[in-house]
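Pasting in a structure now, in structure tokens, and then I'll have a few things to ask.
As written, the chains take the letters A, B, C and D, and residue 1 is the first residue of each chain.
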Amino acid sequence: MTDFLTKYAFLIVPIIKIAILVFIILTVDAYLTWIERKVIAHIQARWGPHRVGPHGLLQPLADGVKFIFKEDPLPSHVDKLAYFLAPFITLMLALTSLAVIPFGPQKFTVFGYETHVGIADVNISLLVLFSITALSVYGIALAGWASNSKYSLLGGLRSSAQMISYELALTLSVVGVLLIAGDFSLRSIVVQQSSGHGLLTWNIFPQIIGFLCFYIAAIAETNRVPFDLPEAESELVAGFHTEYASMKFAMFFIAEYTNMITVSCLATILFFGGWLSPFPTAWTFTHYLPSVILIPFGIWVFFDGIRYENLFGRLMLPGVGSALVVIGAALAFFPFLNDAIQGPFWFLAKVFTFLFVYIWMRGTLPRFRYDQLMSFGWKFLLPVSIANVVLTSIVILWRMH
Amino acid sequence: MVPTSYYLILSAVLFGLGIVAFVFKRNIITIFMAIELMLNAVNLAFVAFSQSLGKTDGEVFVLFVIVVAAAEAAVGLGIIILTARNRRSLNVERVDLLKL
Amino acid sequence: MPILNHLWIIPLLPLLGSAINGLLGKDWPKSTVNSVALGSTGLSFLCALEAVREFVAGGLQPFRREFVDWIVAGNFRAGLDLQLDQLTVVMLLVVTGVGFLIHIYSTGYMAHEGGYYRFFSYLNLFMFFMLILVLAANFVLLFVGWEGVGLCSYLLIGFYFLRKSASDAGKKAFIVNRIGDFGFMLGMFLLFRTFHSLDFNRPDLKGVFDQVAQAPADAMGQFGILTVAALLLFVGATGKSAQIPLYVWLPDAMEGPTPVSALIHAATMVTAGVYVVARSHVLYTHAPTAMYVVAIVGCATAFFAATIGLVQSDIKKVLAYSTVSQLGYMFLGCGVGAFSAGIFHLMTHAFFKALLFLSAGSVIHAMGGEQDMWHMGGLWSKIKVTAWCMLFGTIAIAGFPPFAAFFSKDAILAAAYGHEPAGKILYGVGLLAAVLTSFYMFRLIFLTFFTEQRYDEHHVHVHESPKNMTIPLMILAFLSLTGGWFALPALFGGKDYFAEFLSPVFGSAEGAGEAMPASLEHILSVVAVVAATAGLLVAWRMYRGKVKRGTSEGLHKLLYNKYYVDEIYQALVVGPLVWLSRNVLWKAVDEGVIDGTIHSIAHGTAVVGDTVRHAQSGNTRSYAVWVLIGAVVVFAIIFWPVLHPALFGGAR
Amino acid sequence: MSASLIIFFVLALLAIFAAVSLILQRHPIHSALSLIVVMVALAGLYLLMGAEFVAAVQIIVYGGAIMVLFVFVIMLLNAEEEERTNFSKMARFAGIPLALAIAGFIAAAIARNAGSLPAAEPSGALTSTKTLSNLLFSDFVYPFELTSFLILVAILGAIVLAQREN
């Protein structure tokens, strides 16, 4: 048995990792929707979901069930192949793009097969990422075209044009970082940002322009507010996925949130030092920060849960709270866990920040007009990112001599 | 360990298919795609040679080919759009007059 | 600065005047145009005088300078080369002086005509070309002047271009001159081909005349290169100087304004032919046959034209034919070897013929445009000045002593008399012509001034011309009186100053006149006077008191219709030419051959294209297949060795 | 039969099938999809040969830009299934044999020279992007700059073509 495992570890371990990652990502997506609705609700002075489960915590599950069991009508005169292909392509690419992202520094060995946090460690991972995102246009374009509907078609056209346009800016804005790192591998980009002095050596400082360009372009790439014209409900009902229902719609949905996560990860890695702690390595006490955050949060959830109106909540929330406290304690008391959690903690923290910004923007910013969008992308974003590249290379040359 | 000749044969086959497509498709866009297909076949040959000869020049050529293809696509598709607008047809056999 | 070194100024001034008047003068007042035209001409006259003074002061050394290179091709060089020797001096003074006078006259004569500025622009242009002609030191430049004066003559004859007869006359003059010029050009080509130069004389003795002087002369009746060249040049001369057979344009040229007739068709341009013959005397003396032809043609023309002049009724026509006949005299003189005499007559003729024309113009002016002598008569008392001047001119041309023509014509006749072999005949004909000359001139005088008036007082009121017309008349009258006195001493056994002045130019060419003894000289002059008197008497006999237009029949009719020469030319030359051009050149050659070829080529192209275009179906797929075929061929060529292991084995 | 050979055959067959379907599909967008598949397969082959950068560029530029343009244009012109007209006699009768002839020539050439070529490196040895870029900016710098000009011209041409008459 074990020798079988060790023999085929190079197959088995990645499969396991993939399974885990997909599970995590889907869950996160689901709860990301919950968070988004809550946050926006509070921004708009509403409660948001709170019926299904305490604080609506079970809402995502209910949504999932609904998606699965809902009827899936097939519009007439659709191009079947493309119609079915589109959501799969989108979701597949979205999930695949996560495969090259490293979540943590550690290497560990399973069945004598050494591996690390994150699925694949390609030495051109950034290029791979970009190729995958490049392909992700097809999902939307095909969806829009296949479903034989004006709104969809317009949405598809818009989104494909928009994504092509902003892909340039996206790619160019990263070139600065690449010039500094001199490598395509995300891992080595992170490592290159690591030096004893914490956040001082992150790319964000030399590459602030690049970062802004990147982030804006990334939002456009993911079709999020304020660049969500492909699904501008005021004009196009729901844009390219107007004709989609139930699980196929869910696929687009999941893909969108997955892309958000991917982009946030990318921003974290490229500009914010990935899993690196913002504090100097000398400050070892900061290693207890996860516990310091988790334990009070758990306690707060515990006492908040006791006073919840219905019994289910009074049972569930304290459980969650105590679980959090236990985890925090464990992280504090077991050194190897403590070490293991450092990278992921910071990484997830940063990613979560970016996701929050996403939601925040959706709650606050109005939508662009299409011509504004295009002229902004071509006439402002692209030149600025090019200028950034030129500037960076000049500085680097000057450093060389 | 894949013999280079395999790659070359593959590229030859793709090229031939490209020719066939070029001659037998009527839709002007598809014909354009056929050209792209042939370019790809050539690229494959380039890379195969550059690998087997241990030189990187072939890959550089591939990059150039890709750039040319991009430019070609930009202009060619523009022309195609104009033609389609003027002739209301994408069938090259129906677009056989020099004047509008 | 010595004007000689800037000889080009003399012709340049009229050119400037012409340009200024022609380009800007359209809206200028007459006074401004006058000042420009007269100023330029007068200045160039003064410059000419100054140049002559320097020339004389410089010991009469022939002056020659190449100012600007114009054409340089291979061994051929033609430039703006001007020269000044005695012959040129004479011509220069005549042209500028008489030209200036006629300019003054024109200001009066043309005062009421339209196109004033145009007229003076043309006139100045003519002066420019004429000066170029006389100053030229090589045939090419001379030809430029030659053509230029032809052009101006065309422009000025057709000055009243609204009148069809005028424009026709202009065209006629131009075309007839072309014929002559063709011969002239052939002569030039022949000379260049022979002597590889077109300069007259060159310091390095490579000029045409230098070489001709070295060359052996053709024998009488031998048509060597020199003879042919001389004859060809003479063809040009007959064209320009209105000799048989090309004289027909001159009478028609009277359509032009009278000053033009005076300046161009009497005094200067028509004498260009004589000038050329005299200028190339070296050539002619080396071609006795040509000389002989010149003499005969001149003599014949003198007589022929005189006969026609007998019966003309248009006052200007009479003068025109008399001009032709006088030119004939000049050629006679040149032909018999008395070049100086010819030039002498040229000068005097310039004076009195200009005088006659201008007086005629004055008469016409007085008669309000009437030119027919049969509608004049009895004008003597009314326009005295004009009448006197005209009388002076008439006496002068008739050859009464001591007027100019007496000396010049006498010299020519004397030279003809002494000429061998046919001198006597030439002399006789010339004498006869002299009789006729005095006859028709006095006929003109009587018909115009003395017989009773044949016009209606109420329609024309006769008035004397203004000062600016009469004063030139007087000056010319004076000149035609004294113009011949250079030769006065010759009568008394002295020497002919004019001939002596010119002798450095003609030098050896002379020789006819001096041979004979003074007694014979006297006899000949007496005979000439007698002849003139005879003509006068006959005229007086026929035209006095009441005269009426004679009914023309027989000889009179023949003469009145100018021997039907125009009609003959029309029938023999013009008609066939027109027929040829219309039926052969136009219908057959142009439309048939040329257009036919072009059309057939075009049609063939169309046919070929029509057949081939089916390959150009416009169907892209077909094109693709064509490309494919090409590719297959290329591959076949490239991979031939691959398909041929025998060939390929070595390469592997 | 090593892993790389298996991968090669899988990808090769994928590419060929996609190319055939490019020909057989009646709808341009299906042809476009097939072409994309071909390109992805070729990218995989590049990776197999270790030309990673070329592979990435292949997908980014060809797959992500050029083919997107194609799809975009197809959608824009809303092209429908192609009509199998046969106006061109040449293409109808001479097409196939000529295509075969070309293929035959190439095959013959390869067959003759197959032995003379060393086998392609296994995917282990990657040509590092560094060497590629060094080559690109040293030996091929002039062509590289020329391509930039080419792109500029193409942009201008596209703009001129795209703008309406006014």
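The criterion applied here is as follows: a contact is a pair of C-beta atoms (placed from the backbone, for glycine too) under 8 Å apart; a residue touches a chain by one contact, two chains touch by 3 or more.
These figures come from a predicted structure and were not determined experimentally.
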TODO: If you tally contacting C-beta pairs, which comes out ahead, C-D or B-C? Let me know.
DONE: C-D
Open item on the list: If I average the Cα coordinates per chain and compare with the overall Cα mean, which chain comes out closest?
Closed with: B
- [ ] Determine, using the mean of C-alpha atoms as each chain's centre, which chain is farthest from subunit D.
- [x] C
Task: Averaged-CA centre spacing for the pair subunit C and subunit B, given as whole angstrom - done: 82
Open item on the list: Need the CA-centroid distance for the pair subunit A / subunit C, whole Å please.
Closed with: 107
Task: Mean-CA-position distance for subunit B and subunit A (Å) - done: 36
- [ ] Calculate how many whole Å lie between the centre of subunit C and the centre of subunit D, each centre taken as the average of the chain's C-alpha atoms.
- [x] 87
Open item on the list: I need the residues of subunit D touching at least two other chains; which ones are they?
Closed with: 53, 65, 69, 74, 76, 87-88, 91, 95, 98-99, 102, 106
Task: Sequence positions of subunit B contacting 2 or more other chains - done: 19, 23-24, 26, 93, 96
TODO: Going by the contact rule at the top, pick out the subunit D residues touching subunit A in the complex.
DONE: 27, 29-30, 33, 36, 40, 43, 52-53, 56, 59-60, 63-65, 68-69, 71-72, 74-76, 78, 126, 129
Open item on the list: Touching residues of subunit B toward subunit D in the complex: what are they?
Closed with: 1-10, 12-21, 23-27, 29-30, 32-34, 36-37, 40, 43-44, 47-48, 50-54, 56-57, 59-60, 62-64, 66-75, 77-82, 84, 90-91, 93-94, 96
Task: subunit D residues touching subunit C - in the complex, by the definition given at the top - done: 87-91, 94-95, 98-99, 101-102, 105-106, 108-109, 112, 116
- [ ] Could you pull out which subunit D residues touch subunit B in their complex?
- [x] 2, 4-5, 8, 12, 15-16, 19-20, 22-23, 28, 31-32, 35, 38-39, 42, 45-46, 48-51, 53-54, 57-58, 61-62, 65-67, 69-70, 73-74, 76-77, 79, 82-88, 91, 95-96, 98-100, 102-103, 106-107, 110, 113-114, 117-122, 127, 131-132, 135-136, 139-140, 143-144, 147, 150-151, 153-155, 157-158, 161-162
- [ ] Quick one: which bits of subunit A touch subunit D in the complex? Just the residue numbers, please.
- [x] 79, 81-82, 85, 123-124, 127-128, 130-131, 133-135, 137-138, 141-142, 144-145, 153, 156-157, 160-161, 163-164, 167, 171, 184
